[in-house]
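Next, two complexes with chain A in common: one pairs it with chain B, the other with chain C.
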Partner chain A sequence: MISELHNPLAGAAAVSTSALCKRYGTQIALDCLDLNVPEGAVYILVGPNGAGKTTLLRTLLDLCRADSGQAQLFGLSSTQDGPAVRSQIGYVPDSPDLSFTDYKVGELLRHHSVYFPQWDSDYAKRLTTSLEVNLDSRCSTLSKGQVRRVQLVQALAHRPALLLLDEPTDGLDPLVRDRVMGLVAEHLDTSPTTVLISTHLVHEVEGLGDHLGVLRNGRLIAQLERSELDRRLLVARGEVSDGWDLAPPFPVLSHTHRGREHAWTLWTDGQPIEDRLAATGITVRSVESLTLEGATRALLAMETSS
Partner chain B sequence: MTEASFPAVETPTWTPIFKAQLRRTLGARRKLGWVFLAIIVAQIVALGSLGIVFGLHISTEVSQDTTQATVSPLSLGSLDEFDMGGRVDEGLAAVWLAGAASLLLSLLWPIRVWAGEPASRRDYHYAMPVRRSHHDLTRVLAGGVWVAVVSISLVLVAVLTATLFDHTSLFSRLTPWFWLNLLIAPLLVYTLASIVYVRASSRPSAWLWGGFWALSLVVTTGAAVAPDLARTFARSPVLNPIRTLIGPLFGEIAATTVTQGGDQILGWLLWSTIFLAGLWIAASTRPKRL
Partner chain C sequence: MLININQASHRPIYLQIVDEVRRAIAVGTLQAEDSLPSVRQTAVDLRINPNTVQQAYRELEREGIVHVRRGRGTFVTGLRDSADERKELARSLAITALQEAQRHGFNLDELIDALRLEAAGGSTREDQS
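For the complex of A and B:
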């Protein structure tokens, strides 16, 4: 395990958990989780299905009680100060269903707005127009993607200080997905918001995130700023001569090769590495940062092999 | 890492939330609203038919004996309680039917109040920025308002219909406890059923009916094993909630004295306190998985 993958994050924490544990019977959902989401960050929480992402988000909303540990949002306890905490949260749940299926969408949004005095009706209208939400549709007749759009309007229109988005693009076609991500980006420009996005489809939120947390089997195996990730997690490609048996002078997260062509995913110290690789006999062809999806794969693979 | 300070925001007030829940508990019942309308219409039609039958009968009697119009006894089975010297007061029978209908509907009403939202699938309701126990109770209260409205409506329709057909002879013998119970009993039944629906994380209907049958078994066994004790329980509205709820509808409707009325009030107070406390506990304790 590379300890630097858990660098303390800078700034004040909008969300922080301390040794958060949750079990369902014998199954561990959260394993002593220490999550830190800085205020104003767009934190991408990734992990395979069943990693504990949804449980974590539900715990932050106190929809699910942790067995031990604490969760704080803006300095308030998620369990003790639930109503105050939830007034600051816009939440898109993982399940694309609406409880009030007999309501029309317009009725549902009116009902929702009652709970949020800061509800911005004009903004809600703009969102429904942008997302092509039909206010006269009965909720029971909506498709999965249409439900997701309604849930996004509900989450964004009161301009919460914290957005918890659980697989927000699940069920959306590519065009709408791009529009949704565009709207979230636009929202971030106009409203000071901290965002925690849980997803296993990292490429869909590639352009948004400035922080990454990788969750696996309830454990947070990495938690980093995007800039740190770009600077230090690199993939180096190069050739080596026959009989080359040295290793790169950095922790190797993964290594593949085809003939003499090798590719290493390296956790570096952030300084230029070409010369140091060359010193080990590697003819360096390229050194690149990884995409968020590539980084996630590398980090998850590292954890599997460690 | 330090904690960010909590941003100041307005918190929602309960008045608009209660109004929203009133709309919710009615809006969710658009279809059920039609059912209620159908029940009221059916009752009007039934009573109208009854009135026409009696009207024809009276006409026949009148044509045979122009000095006295009498109504022959009509067998209404369990409604023999309404027999007054060989006659049945069909106006009272109508009110009895209305009371029984509102009791049945108040038992079923929580199913619709929490339709699609058993406690284990109440995330949307619980994700709102309000205290959850209060939120549950607000929903129950809103549903209770409609129970009261529907109960009063059903009884009013029955009374109006009976009055229209001039079948109100027994009304004068009824005590206020009888009339009051037509409102209180449905509300108590609704509160009792709501306890199950607020708390049960799954299959609340199974819990409700299971409880009903278990109670029936206890009562039946109790009556067989200790008939004297069972009789004491059966006669006391204070000890026996079933007596409190439906006693005035059966048997002692016309005979209830002021003393018995005192027992009835005591029964209402006791059982409403117990049911409301149960509801409060149910709303304040959530299933562990939540």
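For the complex of A and C:
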């Protein structure tokens, strides 16, 4: 286990949890979780199905109660200050479901807006146009993708201080997915906000994310700034001669080789590593940072093998 | 100008933007006193974090390639010699070529020889003409 994968994150926290635990029967959903999302961050939360992502977001909103531990949002308690917390949050839930209501979409949005004094109707109008939301459709008749679009309008239009997006592009076609990412990029520039996005599709948020949290079996196995990842998590490729039995002088997250050609995913100290690899007898061919998606894969693979 | 980036690339996105602006200046697409696209426009077009665009523009400003006029935008600075700019661009091309050559196990001389041969159109490969 590399303890530096849990660097304390700089700046005031928009969201922080301490030792958050939640079980469903014998199933552990959240295992002593310490999440830390700095203000202004675009925090990408990844992890396999059942890792606890949805439970975590629901706990922050007090839609589900932790067994122990605490969650604070902008210094407020998720359980004691529920309404105050929720008024500052835009939420896209995990399930694209509006079948509980007989409202038309326009009526639903009007109803929703009443709860948020900061609701920006001009912005809501632009979002509905851009996402091609039909205000006259009945909510109960919408497809999964259409529900998603309505939920995105609901989440964004009051320009909340915190956006919690649980698989926000789930059910959307590729064209609309892309448009949603454009809307989020624009939103980041027009509204000061902190974003926590849970997703499997890391490549979609490659350009947006500046923090990464990797969740597995209810535990954060890594929580890092993007710049730290770029600087320190590196893939080195090179060749070694027959009989070479040394190892790179850094923690190795993964190692593959075919014949003489090797590739190591390394957690380095952030200083140039070429010479130090060469000193162990490796003919270095390349040293590269990983994409967010590559980093996710490497970090998840690490936990399985150690 | 149209900024083109590759999100799957290992090169940080803000540096790719810096490269693109440099390229546009070197080939004359961007000229002195032309404005760069706004941070918001670039962020939306590329589906990237506006902070990344700001970081790129700050870097360009630090290098004296552009300057910011408060409330009006970011503009290409006229002072810089375009010969310098071309040199800088050639340098970044050279770095890419060298890294690739090294990855394939070629040394500098072998790379230069291959470049010369290719540029002279005299490669020994049988063309399909």
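As a working rule, the second predicted complex is superposed on the first by the 303 of 306 C-alpha atoms of A that agree within 3 Å, B and C clash if a C-alpha of one lies under 4 Å from a C-alpha of the other, contacts with A are read in each partner's own complex, and residues count from 1 in each chain.
Everything below uses one rule, namely that a contact is a pair of C-beta atoms (placed from the backbone, for glycine too) under 8 Å apart; a residue touches a chain by one contact, two chains touch by 3 or more.
Here the structure is a predicted model, which means the values were calculated and not measured.
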When the two structures are overlaid on chain A, which partner does A:T190 contact: first (chain B), second (chain C), both, or neither?
-> second
Partner chain in contact with A:S289 - chain B first, chain C second, else both or neither | second
When both complexes are superposed, which of chain B and chain C contacts more residues belonging to chain A?
-> B
Go through the superposed model and pick first if A:P83 touches only chain B, second if only chain C, both, or neither.
-> first
Which partner does A:R237 contact after superposing on A: first (chain B), second (chain C), both, neither?
-> second
Mind working out whether A:D102 is in touch with chain B, chain C, both or neither, as first, second, both or neither?
-> first
Identify the partner contact of A:E206: answer first if only chain B is touched, second if only chain C is, both if each is, neither if none is.
-> second
Which of chain B and chain C A:A161 touches, first, second, both or neither | first
Report for A:P174: first if it touches chain B alone, second if chain C alone, otherwise both or neither.
-> neither
Dual-contact residues of chain A (chain B, chain C) none
Which of the residues in chain A end up touching chain B in this complex?
-> 8-14, 16, 24, 36, 38-39, 58, 61, 63-65, 72, 74-76, 82-89, 91, 93, 95, 98-103, 107, 111, 114-118, 161, 194
Provide the residue numbers of chain A that touch chain C in the complex, in ascending order.
-> 42, 178, 181-182, 185-186, 188-190, 203, 206-210, 230, 237, 285-286, 288-291
In the complex, the residues of chain B that touch chain A are 1-7, 9-13, 16-17, 19-20, 23-24, 27-28, 30, 115-117, 121-132, 288-290
Chain A-facing residues of chain C, complex = 5, 7-10, 12-13, 39-40, 43-52, 99, 102-105
